[in-house]
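Structures for review follow.
Both of the next two complexes hold chain A, though its partner changes from chain B to chain C.
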Partner chain A sequence: MFRNQYDTDVTTWSPTGRLFQVEYAMEAVKQGSAAIGLRSRSHVVLACVNKAQSELSSHQKKIFKVDDHIGVAIAGLTADGRVLSRYMRSEAINHSFTYESPLPVGRLVVHLADKAQVCTQRSWKRPYGVGLLVGGLDESGAHLYYNCPSGNYFEYQAFAIGSRSQAAKTYLERRFESFGDSSREDLIKDAILAVRETLQGETLKSSLCTVSVLGVGEPFHFLDQETIQKVIDTFEKVAEDEEGEAGEGDAEAAAAPAEQGGGGAGDQDVAPMEM
Partner chain B sequence: MTKQHANWSPYDNNGGTCVAIAGSDYCVIAADTRMSTGYSILSRDYSKIHNCKADKAVLSSSGFQADVKALQKVLKSRHLVYQHQHNKQMSCPAMAQLLSNTLYFKRFFPYYAFNVLGGLDEEGKGCVFTYDAVGSYEKVGYSAQGSGSTLIMPFLDNQLKSPSPLLLPAQDAITPLSEPEAVDLVKTVFASATERDIYTGDKLEIMILKADGIRTEVMELRKTLSECWQHTLSIVLIRISTLGSLCYLELCLKFSCVVNRFSFSYL
Partner chain C sequence: MTFTIPIDNGDALKNAETDSQRTLYPYVTGTSIVAIKYKDGVLMASDMGGSYGSTLRYKNIERVKAIGKHSLLGASGEISDFQEILRYLDELVLNDNMWDDGNSLGPKEVHNYLTRVMYNRRNKFNPLWNTLVLGGVKNGQSYLGMVSMIGVSFEDNHVATGFGNHLARPILRDEWHADLSFEDGVKLLEKCMRVLLYRDRSAINKLQIAKITEEGVTVSQPYSLKTFWEFQAFHNPTAGAQGSW
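Moving on to the complex of A and B:
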């Protein structure tokens, strides 16, 4: 899409019935580094690519714990994602306080979607520039949802968002039918393989990806680097060399500097240089 | 024209007693399990102890249990927020300050809760914090709150207080007692309080916190003023009923149930 006279503010419709500002917000999601989610009947795995703004800085945190039974992976403006995660956490705590039971995932995504919609219908606001992959477990089983800046949400068996996510999506499309009955270990392996697809040639190291798991009898938690490395070793036979593709990372960072503004120090959720 | 007083109060006192003792590497928190209202018993098996799941911090509260429940829920939610923000659990001194702030927040419509917070501090030493209803708190070596506190506190002072208040400022030192000795002291203290406080009794729940985990013990306490009388009564009633008819036996059983619900009975 190109610049036109109907894209100045979010409250202007185009003659063809489009809200360009909302569509531009969806573009912002594509600028962020990849985030991937998959689910089986009993588990949900969220994985993301750790992209650091420069060799000197730490990578940004893209996966957040919302509650023991819900996690979220973001792509796009990380600052917006952080604010929305804080909102999700407070929704989960309030629900737990009032009803003494965990917040059903479907309710949470509706709250999020309504919140996003508000920003598409106020002239003094802008849409959130972040896509959220919400994975969670409730009475009706394991769920994975994708929340758009437009205020729409969809349920998925597996999905990928962010830059070069198409490669991951192609991989997931080939394999998704088997995910429902996958074991936890196979699901994690598929997630890491999907992450590898987005790297497109770059050698996969455990330091390049963050993986989180939640499921029946297993509260949300991150996998440590050793566990991830072991899974990588089962399928990576090529010796890894130290060449990190920071060059590609910089090109994307230059295109959307705002989203990287948070950085490691400003993010209150993670210790600096967390690897 | 005398001032009219309210015929309804938002508060009620559900009775009960809570005690905590701090040791060099442990902390003992104990409370009875009787919940009463007026002269009636609501439950003989209600726990007044709440595990904050913070880094070894356990809260025990007597007073109005509805307020206690609400207070526990608020603390639980605030603790979750802390964990999300700091990526770690709250320490016991941090929880102590949070509890104080939460109580003072309702300074003009207080939580009718008399709290004792026990746990291990950052160095692994036992710590006990004692509160009033509006959040004034102090770190101490031992404390008792609730209906039996006036019976228990003087005895704990006698056993645990620093022995030379004249020479040094009296400091509630962490007791040099070992953990089994402290647990024994707690059991003794509750057994005595149960004798004279009608609101304390039934069962004693003890939680022992150490660096490697939390252990729970439950001990039976006196249920009525005279347990032996209750036993004798039941034997006498059964003897009479074998002579009489079945409906007489039923009547006797009903009577003993009624006796059960009174915290003291003129027997």
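Moving on to the complex of A and C:
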């Protein structure tokens, strides 16, 4: 996309019927680190890649709890994402207070989309530079939506946004038909595998990703590092075993550390620890 | 030399024009509502009278109305305020339907909304002079609750308003049990309404019983209860208390 004379203002149309400022805002989403969402009939999993600015700093928070039954993962301008999350929390809690009932996620995303649309039609505003993957429950089950800076929203079975999200999308496209009936555990595994796709070669560690789950009878919460690492271990080990079939030595090598661990424990029982 | 006389116009409490915007007294009122949960849902009974002070002025007022697909609202107290509440709820249900997204307001949501409205009006010293009974069924769950004009709100297996609290609820506390059949439920409500008819001077002998189940709302045609006035004590009521003092 190149600079042209119609892209200064969000309220200027191009002769071909495009609003360039809005499209530039959608580019900002592509620059952010990846966020992935998938859903079954009863659960929604949101996962994202934790990229820190430098080794010295901590990573930015990209997944937010909106209510017990709604969570959101963002990609793009995190500051805009935080503001919109605060708006969503406010809507959810106001509804809860008036009706003592959870706000249906489908209605929340419409409010969000209408809010984004306002910024595409005022000359003194700019569009929000953040894409939101909103996962939540309502009467008809689990839903996953993607809200765009343009003010559009779409419902998805599974989706990925942010940088290198195409790799995750390709993975999800292969598997999405089975997600509807997936168990909670399989859904989480698929989410982490999708995150691995975006890392493209980098070793997947639990410190590199954040995973959150919500579902019927399960309020929104983050999975702790241990749980994530256990899931990673199940498929990383499968990969090792596959290589191991070629050489028995590898299988023995896998067994040996287990033995050593057991032997070590035995030694400790015999020899008392010296203070 | 001219001078102006200061006019006291600022104080809302003393200013008559602003005062008439607040509800101070009820004018046309409905008497008790009695409602119970039963096997398939909720049954609600009310008479069709609207009193103007001590005059039994209106005899065809429906005090129980269906709200949306899942709820039934009964009201005692000021009839015009009840009509105002129906307008609020009409708008609420309309907006809910316009979403057209498979979600719908259940009785719990309507009850809570009404509690907020009643309490907020009470805080502004401009109450809606009603006690409301909200019953309904959604997804197999029965719901029955009450909100008063000062915003007191609760749920229970059987509720009543006004005189019903004093005359009907003791009967219900003794004789209500879970999983009443429709016939038993109606008999129980009629027993309560008969007592109210005998003892509440604002009650009239023309009542409706409304039922709400998962299938929907049915409001019966108005009918009257059989009463008996031939008790010996009524034959010569002043026996034993002759004279004016």
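By our rule, the second predicted complex is superposed on the first by the 236 of 275 C-alpha atoms of A that agree within 3 Å, B and C clash if a C-alpha of one lies under 4 Å from a C-alpha of the other, contacts with A are read in each partner's own complex, and residues count from 1 in each chain.
Methods note: a contact is a pair of C-beta atoms (placed from the backbone, for glycine too) under 8 Å apart; a residue touches a chain by one contact, two chains touch by 3 or more.
Nothing here was measured: the structure is a model prediction, and the numbers come from that model.
Contacts of A:Glu155 after superposition: neither chain B nor chain C is touched. When the two complexes are overlaid on their common chain A, residue A:Asp186 makes contact with neither chain B nor chain C. In the superposition on chain A, contact of A:Lys65 is made with chain B only, not with chain C.
By the touch criterion defined above, A:Arg107 reaches chain C but does not reach chain B.
After overlaying the two complexes on the shared chain, residue contacts for A:Glu23 are found with neither chain B nor chain C.
On chain A, the surface patch touched by chain B in one complex and by chain C in the other comprises residues 97. Those residues of chain A that touch chain B in the complex are listed here as 65, 86, 89-90, 93-94, 96-97, 268-271. Chain contact summary for the complex, chain A toward chain C: residues 97-101, 104, 106-107, 138-140. Interface residues of chain C, counted against chain A in their complex, comprise 99, 101-106, 108-109, 112-113, 116.
Residues 73-74, 76-77, 80-81, 84-85, 87 of chain B are the ones that touch chain A when the two sit in their complex.
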